[in-house]
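Take a look at the structures listed below.
Next, two complexes with subunit A in common: one pairs it with subunit B, the other with subunit C.
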Partner chain A sequence: MDEEPERAKRWEGGYERTWEVLKEDESGSLKATVEEILYQSKRKRVIESHGQVRLGMMRHLYVVIDCSRSMEDQDLKPNRLTSTLKLMEAFVDEYFDQNPISQVGIITTKNKRAEKLTDLAVQMYCVCVCLCCFTASPGNPKKHITALMKAVDTVCVGEPSLYNSLNLAIQTLKHMPGHTSREILIILSSLTTCDPANIYELIKTLKSLKVRVSVIGLSAEVRVCTVLTRETGGSYHVILDESHFKELLMLHIKPPPASSSSECSLIRMGFPQHTIASVTDQDAKPSFSMSHLDSSSGPGLSLGGYFCPQCHATYTELPVECKVCGLTLVSAPHLARSFHHLFPLQAFIESPVENLQGDRFCQACQAELKDKSVFSCPSCHSVFCVECDLFIHESLHCCPCCIYRQTAP
Partner chain B sequence: MASEDEINLLVIVVDVNPIWWGQQAQRDPQFTLSKCMDAVMVMGNAHMAMARTNKLAVIASHCQGSHFLYPNKSWSGGDGGGNDASSSGDGKYELLSAANNLIAEEIRNIMSKIEVTGNSTDTLLAGSLAKALCYIHRLTKELEVGQEIKSRILVVKAAEDCALQYMNFMNVIFAAQKQNILIDACVLDSDSGLLQQACDITGGLYLKIPQKVALAQYLLWVFLPDSEQRSQLVLPPPAHVDYRAACFCHRNLIEIGYVCSVCLSIFCNFSPICTTCETAFKIQLPQIVKPKKKKLKQPM
Partner chain C sequence: MKLNIEGLLVYFPYDYIYPEQYSYMLELKRTLDAKGHGVLEMPSGTGKTISLLSLIVAYQRAFPLEVTKLIYCSRTVPEIEKVVEELRKLMEFYTKETGESNNFLALALSSRKNLCIHPEVSSLRFGKEVDGKCHSLTASYIRAQHHSNPNLPVCRFYEEFDSVGRQVPLPAGIYNLDDLKAFGRRKGWCPYYLARYSILHANIVVYSYHYLLDPKIADLVSKELAKKSVVVFDEAHNIDNVCIDSMSVNITRRTLDRCQNNVDTLQNTIHKIKETDAAKLREEYRRLVEGLKEANVARETDIYLANPVLPDEILQEAVPGSIRTAEHFVGFMRRFLEYLKSRLRVQHVVQESAPQFLKDIFDKVCIDRKPLRFCAERLQSLLRTLEIADIADFSAVTLISNFATLVSTYSQGFTIIIEPFEDRTPTIANPVLHFSCMDPSIAIKPVFQRFQSVVITSGTLSPLDIYPRILDFRPVTMASFTMTLARTCLCPLIVGRGNDQVALSSKFETREDFAVIRNYGNLLLEMSAIVPDGIVAFFTSYVYMENIVASWYEQGILENIQRNKLIFIETQDAAETSMALEKYQEACENGRGAILLSVARGKVSEGIDFVHHYGRAVLMFGVPYVYTQSRILKARLEYLRDQFQIRENDFLTFDAMRHAAQCVGRAIRGKTDYGLMIFADKRYARADKRGKLPRWIQEHINDGSLNLTVDEAVQLSKHFLRQMAQPFRQEDQLGLSLLTLEQLESEEMLQKITQIAHQT
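Then we have the complex of A and B:
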């Protein structure tokens, strides 16, 4: 059934003599080795940039959480379910931070069935004269986080069903527009699955719908998941411990490279102004915020807010889809948050500190360069220390000295 | 009251664009760069005098680079090195007088030694803010166990914005917001949209000063209290921030635009090809609807 050879398993390779990594120096101290190991782990975090690869910025992601009996296992403290839900709350926050115009939905599976915990937001079909497009409205993490917090009390019973949960996700994902990326992330702890039909047929359907499925296994590698992720182009990992689990979850926050066959289109969006009016302004008219129509807390009159440029409906926060006219409302910083994925910063060149002439100071933080290697930017040749290099690549995404030399925005 | 272990760090970024300051000296001889630096030094001294654990850093933002005025690379940490500099005859706290002398000397060095190429009056603040963030990050890493640090950045801006640095500026703002660092802005001349967005996103204060000669007064009254104390004071109200995006083709501010799904560039008009990433867009032709033939009622 599968023609590609599977990668070699760990027990098939030779012995790894892990004790030989630790070397003592003359005084018997392990300090140098420990520092070296910490340094290597810091460097590992700076992942290579993809360059000019197209990324799927508007993502529709479904997360399937296994709620079967095996989630009550206590190898992750206090039990697997609580630990997973806690990590998912952090994931949802970070996801909306890095992908402000994307969507997430959560599905749980137990007792051979699957059900939606939270949904991707409702889509609006908007027709204008020369172009037809689907739009899905941007997301709000609070709804998902409240649902996750309530889910801690669910009883874990029965067996999960991969087929049913994938089917449920496909029902919504297949209607999503072609220019968005459709993804499913499955957190599977059980080693079995109970499917009503042949899952290999479903894998073919997923492939034709261009859905990318990734799996994070909590117990062990399951062959069906290996085939599923390989055919759809996703990734499959099994966790070692809780910190590894967190690392694997956070890998899915970066937008994946877009497949070459995804369509590209121009999406119509509005950029409302934020008006802050006080009671003494003569023109200020109080209005209800449209976003509170659904919430149970009573609608509040407010003087300011964001006004939709098309229909002047009021909203208190962005991004949001106007309920009256269907226009997606964002603010320019929301789009700017994703720019660093599209124009990633080049990796800096490592060189030993002895080659450096002149002052040995990091040009970003003014610290003395005491590490054994320094990093220099390939375009402006300024020198940075290890900590600044990490900080620049993880949070800042721009070189502090290149700004004075480049003219591109 | 702040506990003994909480360090309050204030980083002041001063815009020292020599062309703007030269023109300013001709326009209004009462307010020159030296007066501005005096006001900044007063602010720095006041901040350090508020608590023993307060720290200060001053960065000068030149059009060709940004330089740390205080603490400097040759600054050995406050004692030992400065034997002649720190003994001021008037009984001032040594740290303050040493800091003032250092700032004055450094700014003199910078203004005299750096040759100005070109005649742009724009300032590139994003680089100085990025260096300020790296400095704050380094100090956060160097903390001892049990100490906490709260940092904020105060920008004293003179010249106009440079539109080229939009993306870098936004990256810096988001990095500051992530680390809970406030960015305050004190603008001397023309309003700056970028700084208004920075203050709005990070939760800082934005103020355009009506009278430049009173700079020290505004700095002390408005920007000296830290974020906890600000909730109890009546401060200038937040400015109206223009979050409209500028279209990539004409640089006009637009309210409704078209966004490319691949590279997120914003256009004011629909076009079949994105100019940034050169993707051709799929246009779906409208469905041709045949008009229904209505049977007209024959008049009797």
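Then we have the complex of A and C:
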């Protein structure tokens, strides 16, 4: 994909047989490798995401991290837990970047119990040093990240409990308003679960509450997870290696399509202007940021900030729910950032390389087109290689050639 | 879809077809064309049944005079039901495609226990009770008595069937057991007798092996089936054992005691009848003088299937004078019984051939060979004459008389072994007389001779050439089919060493070795940590399993395993085992994960399928050789060597490997399924063992996975399981292992299909 991930050193890797990867269908195509199938599905994902679907943009996501004994397995370096937490940090960052009006909470499960590491609503009121410009990350995931960093030292013992963790997540999720998308993402390393009651009953409850449960397995396919995800409409993936793990995790950053049965409602939102008052200004009155009231740290008193258009409470950062009048305060760029999910770039047309006239160079990376097929933009007809096609669709979200034509005369 | 198989139009009820199914049908058609027998091996889960049915039904429709009937033999009732369901699907497809309802009659037949609708009789629990009770309500003389004395109970369903049921044939359609029962209830007819009567004109009959192979039952049920039939034995990898079991007799003291009672009852009844109705006995005597001519006529005109218990020569002769009258016969049986009792009073093991036995019996109690041969037939006649209703009570004397007939008829192929005690309990006297059949071809010979085509098929028949040899027939086609796969969904690994390089083996010398047991435990422990849901582990015998499990318990291995998964154990008790199995499946379903410890050749290894999560890995601890010290086995091996030139070792290995293949084959039940197959014994790596595995397993064993250590196996398994957990959809299979009609007809694919069948 975009960059070849930092692979573990050869000697650090497990017992692998590299020659078997090379053994690709010498007898026709009887032994299509799993890699081939994976590649196809990767392409498919790009194509699939281009329907005009309603997306659940306001997400309430609980991430359940398995901290059982099996997390100490060293097949991910240095061990599964550290590796997972590291990826989670990146995930949380990226998640808030792409879903600014969403929330996340983290649950860990070990020793047959489940406990909350961070709560769902935390993001809105998190303590942070505010950087007063729009480009910086507004929904600051710092609290999650510190919690995750701390969790590295936890001892992994016992078995996980799917039932308990799902139950814990439900307790909070069921109070969330109906128009938001309720999700649980489970990162499961263990192959067993120790449940106090019949989990199939719980699955029914989840289904009726419209909670989507997705699972990323770290070792192998477990039946109960297959049923769980199938019933609740989530996805179930098992990692192959670290880079694949990352890829799978990043899949969950995109907002899922909202189910047609979920409620629709209009939400009142406020778009507060940021006012910067200099100390010399006589009219300026210092005020306490409302988000700092319940915290012990950080500077509380400041001159400028975001003022709620309804009640004029001050906030140092957005997005936030006004503590006084309950209005959701966001800034326009936040909404804009979710825009590409709703109006994605059209899929490029795949065609065999033989049909291509003229130069066989990719318009983006300028490399020679060597693969069997090339991809062309339906509006400007520029030709790209498969790598660039994926990059454009997954990261850029706009065709560089179209942009260039628009700006250039 | 509609297929063209070498000019034959075959309707196939699915939109997609596996390449091997097409290839299988090709071979099957060639077998039918040649009017010969065939041996076909195709992995389970690749749609063997539907391929068989589609082709043969198409053949029947195209050449109604060449093939009149399909007799499909399966092992268990659920399997029979499955076949009927597939057939129903096929027939619905026919109706849809051709637009006309076809007049095919297909039905399943099972025992009275499964078909009876009489309120009292059907509530009985055991098959024998049901049979006996049924007989006491439907026997001809009971019914005759009923006319004079209406208070005597009879079965109204049978009466109804007898009066009208025979004139009106069963309407065309597909009937499984429940359908037959429902039909019977509606009409008030006995479904069992209706089914037995209807199989004579049905196009397709689905029933158990025993109706064709067991001489006692075959004589009643199958002897009038048309010669131009195709007989299919499904899951036939154990067919030789079924044949042998159906011909063998075991006599214990208990049998003799019960037989004694039977003879006494007979004596009394004769006595009574003599006073009341002497004419009846005289009539019987007259009939016996004329001999078994009727039976002979029937056989000559080739209406009946030959009965191996009733050999040809007997039919030529009349019943000898010494047992013609009823009293003489009872006296004769008494003498024979006393002789057997004296034989069972031995202190050491005796093994002798049938001629030796006959000579001995002549010397000791002056019983000639000739009257012995008529024993079975004479007893049947007597029971009929005496109008004894409840035949179930007379099973002991029937058994003894069958034994008498068999022992005096066959001088070869049988052996008599008298053991004073069991090997495991040498102190407890429990004498057994084994009259054991060593030649499976005796029981199956009439089938091969009578029917036009006999097809033997199963998922594991390798090596194919041994079956024609031990069953003594000449097949026109022998083929083994592989499974075409879009992804390699099976992963056979041979683990030959522990992590400490100790060779793993269940062979006798190292069986008690501490290091081997520990390493086996280690293997299971490591596997339990990486394989999701269910693992099935097979041991070579119950004794071996008990030893190992006890040892694991002492070493604390069991405790460690239980942290990962629950453990269930198969025992010799059927109820306990089915309970364990149920809980095992529940644990797999709930994500707790479970291990089932069971035994090769046990109930679990044969009939139970572990689809998907119920069996993600199968471990085979050791090579499941049969218990070689058994005298019966030794005699059989000797016989095989002398008669069929099969070396002992070849047969033993063949037998062990077919059971191993059966065990590991439990895990893969289709193309979307996946599973690990772990052979934990270094002997599997040898070419002579490996070469006897079915081809579809063999081709996935590469040289790299021959002699792995536990660690290496764990690494490979981990990788395999992750690969298999990747999403796999139907589209991925299309064109490779799943074909549409267009894809099938492409030149390139037809080329490839020819390579699937592996002729031997």
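A few points about this structure:
Operating definition for what follows: the second predicted complex is superposed on the first by the 280 of 409 C-alpha atoms of A that agree within 3 Å, B and C clash if a C-alpha of one lies under 4 Å from a C-alpha of the other, contacts with A are read in each partner's own complex, and residues count from 1 in each chain.
Please note the rule applied: a residue touches a chain if its C-beta (ideal position, glycine included) is under 8 Å from a C-beta of that chain, and two chains touch if they have at least 3 such contacts.
Note that the structure is predicted; figures quoted are calculated from it, not measured.
Touch criterion met: A:Ser219 reaches subunit C, while subunit B stays clear of it. After overlaying the two complexes on the shared chain, residue contacts for A:Ile199 are found with subunit C alone; subunit B is out of touch. Ranking subunit B and subunit C by residues of subunit A touched puts B first. By the touch criterion defined above, A:Ile403 lies against subunit B but remains apart from subunit C after alignment on the C-alpha atoms of chain A.
Of the two partner chains placed by the overlay, only subunit B lies in contact with A:Ser331; subunit C stays clear of it.
By the touch criterion defined above, A:Leu240 reaches subunit C but does not reach subunit B. Looking at the complex, you find that subunit A touches subunit B at residues 54, 57-58, 129-133, 178-180, 258, 263-276, 309-310, 327, 331-333, 335-340, 342-343, 359, 361-367, 387-388, 391-392, 395-401, 403-404, 407-409. Considering their complex, residues 14-17, 20, 28-32, 34, 37-38, 40-41, 69-70, 75, 159, 162, 191-195, 198-200, 217, 219-226, 237-240 of subunit A touch subunit C.
Subunit C contributes residues 484-488, 529-533, 563-565, 588-593, 612-613, 616, 704, 711-712, 715-716, 718-719, 721-728, 732, 736, 752 to its touches with subunit A in the complex.
Listing the residues of subunit B that touch subunit A in their complex gives 64-66, 68, 71-73, 124, 126-127, 130-131, 133-135, 137-138, 141, 163-168, 170-175, 178-179, 197, 201, 237-238, 240-246, 254-264, 266-267, 270-271, 274, 277, 279-284, 286.
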